[in-house]
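Chains here go by letter, A, B and C, matching the order in which they are written, and residues are numbered from 1 within each.
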Amino acid sequence: MEKKSPPVDLKTQPQTADGKAINELALVEAALYVSGRPLTISELCSVLKTRSQRKVKNIVKRLIQEYASRNTALEILELKDERYVLQLKAEFTPHVRKLVKRPLLSIGPLKTLAYIALRQPVPQKRVIEVRGHHAYGHIKLLKEMGLIASERKGRTAVLKTTDYFADYFGLSHDIPTMKRELRKILEKDRASEKTVESSEL
Amino acid sequence: MATNIKKPFYLRPPWNILFEFHKLEKLSPWNINIAYLLTTFLEEMEKTGQIDFRASGIALDSSALIYLMKSKLLLKLEEPPLPPKPVQDFLPPPLFLPLRYELTSTTIRHLLEVLDDVLKSEMLLKPVKERLELVLPSPSEILPQTDYYLMEIELQMENLYRLLCEKVKGTGIIQFSTLIKDMTRLEAIRTFILLLFLAQNEKVSLWQDEETEEIYITIGGLNIGKEEPAS
Amino acid sequence: MEKKSPPVDLKTQPQTADGKAINELALVEAALYVSGRPLTISELCSVLKTRSQRKVKNIVKRLIQEYASRNTALEILELKDERYVLQLKAEFTPHVRKLVKRPLLSIGPLKTLAYIALRQPVPQKRVIEVRGHHAYGHIKLLKEMGLIASERKGRTAVLKTTDYFADYFGLSHDIPTMKRELRKILEKDRASEKTVESSEL
């Protein structure tokens, strides 16, 4: 059984420690499962150690079909910009929502993230002034999680949110549009808060 | 509610050293890692929610004292001891936990709920800060009893200031690494301490690049704030 | 296929908005997927809206078989106290680790954990000597996560891994056997890491 792997690409083919070739479909599945976010073709190329985007697209398409043919709670979708995501089918959400307890971030880093999102591109110095010295740690964490990125502008580090941030919260990838979306929700929230307050009087 | 009075976390090791001065006197300051103590102290305080400004104040005061003890030893030209060598043993590679995906509960609503709070604290700030603030607290309050130390420092500060004026001619700026290029490790540390005092007296301005950790030195105040686009 | 569900329990059976009965296997899969931790039989009972533990056990066993029969990167394990978990098969970890945005533990604590696991029961003092002063923090974290426990032996604190740790890795609860199994995992991990590294050049 173990000897049947074909003699192609043996050097670059992902392997387990005992030399068995890892199934490529399963490798794409692994990547989509652990990342929990949409992956681009080039991210998948890097996982599969290949430069052929066509090859990767074929593998993902086969995986999508495999998922669609089974009776499973999960689905793999192709998004419009050639990104792929593994997610729970929407009809299951209400039944299992109560098991979802872990927040993405605790309150401190979440506040720092919210501030960066609304004020981006914002100098790191300004974020520290507004949020205090603990925000150094928050910024490090948010970068590690891929939610924000920093750019150098001369001597200043400038922070902004990433595409992953936009995907997580379902916002536009275009920064000005995203900020408008955020402001709109914020204003709506405030307006309904006022209505509640005045009706409580 | 039954109140069982628990010792606050900072009276436990390792932080207790910052709150028990008599213990501090018996220790060599080289055995105390101030950065580690303060970082973990702040982390613990944030985690437990026991925000106590008095405790923070005392911790800061003690750290300044330890820092002063170290500076004094350096000015007496006493070499700090070498860091202890770790015990040798076979170190296995990290043991990675099996990866599991987990849906998280944070939504855009949570993000915007906390935003209000942050915007309130932003409103309390001046729109743009004019000059960079010094990272270290003023040493003036902890020094009155050490006149000799101060005199010594002032003399050496003058010497260093003259040297700096000489070196920054033309460019107006010098990198710390250039300044200490031909110095021994101990001289470099002394120079750094003196620089902090010069900066405190606004004789020089210091600026550190967070990525390369290089420190830039200019004579007098440098209005870096002007270069930045107004946000 | 969809019509074959028996006409029992129609009131309590989980349903989608349009009234279709949701497949119970897929519902268990959904619960394990979103929670990202081992679930007990009673948690699964509550998701399936049933009191019959036997029924739930049967469903989970069928799901386990279904996963085992497919060529997938995921596995469902039964832990010894009748808890069930969905996770990535260990051999995929080195290939997709870089995509994980929120590692449960960073490299430092993972090294300390590996050392304790291989040297247990080991005096805490020894761990600090070998791993340095930062290991105090690692030990605290690992204890909080329930992966290690400490015992007093006279004046010394002695550290060892917990049953939860053994379950997490699917290892034997017998310490000497577990250590043998661990050595194998660590060697495998290192070997496949080398494969990944060399093919990235």
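Criterion: a residue touches a chain if its C-beta (ideal position, glycine included) is under 8 Å from a C-beta of that chain, and two chains touch if they have at least 3 such contacts.
On a predicted model such as this, the values are computed, not experimentally measured, just so you know.
J.: Which chain is most central here if centres come from C-alpha coordinates alone?
T.: A
J.: Starting from the Cα centroid of chain B, hunt down the chain whose centroid lies farthest away.
T.: Measuring from the centre of chain B, the most distant chain centre belongs to C.
J.: Taking the mean of the C-alpha atoms as each chain's centre, how many Å separate chain B from chain C?
T.: Roughly 40 Å separates the two chain centres.
J.: Quick one: chain A and chain C, Cα centre-to-centre, how many Å?
T.: Using C-alpha averages as centres, the distance is 23 Å.
J.: Where the centres are mean C-alpha positions, what is the separation of chain A from chain B, in Å?
T.: 35
J.: Two or more other chains touching the same residue: where does that happen in chain A?
T.: 33-34, 36, 88, 100, 102
J.: If a residue has to touch 2 or more other chains to count, which residues of chain B qualify?
T.: 99, 101-103, in rising order.
J.: In their complex, what parts of chain B are in touch with chain C?
T.: 14, 33, 36, 40, 86-103
J.: Which bits of chain B are touching chain A when the two form their complex?
T.: Of all residues in chain B, those touching chain A are 42-43, 46, 99, 101-119, 121-122, 125, 129, 207, 209-211, 224, 227-229, 231.
J.: Touching residues of chain C toward chain A in the complex: what are they?
T.: 1, 14, 16-17, 22-23, 25-27, 29-31, 33-36, 39, 43, 47, 70-74, 88-89, 91-92, 95-97, 99-102, 187-189, 191-192, 195-196, 199-200
J.: How about chain A: which of its residues touch chain B in the complex?
T.: Within the complex, chain A touches chain B at residues 33-34, 36, 88, 100-105, 107-108, 110-115, 117-119, 122-126, 129-131, 134, 137, 152-157, 169-171, 182, 185-186, 189.
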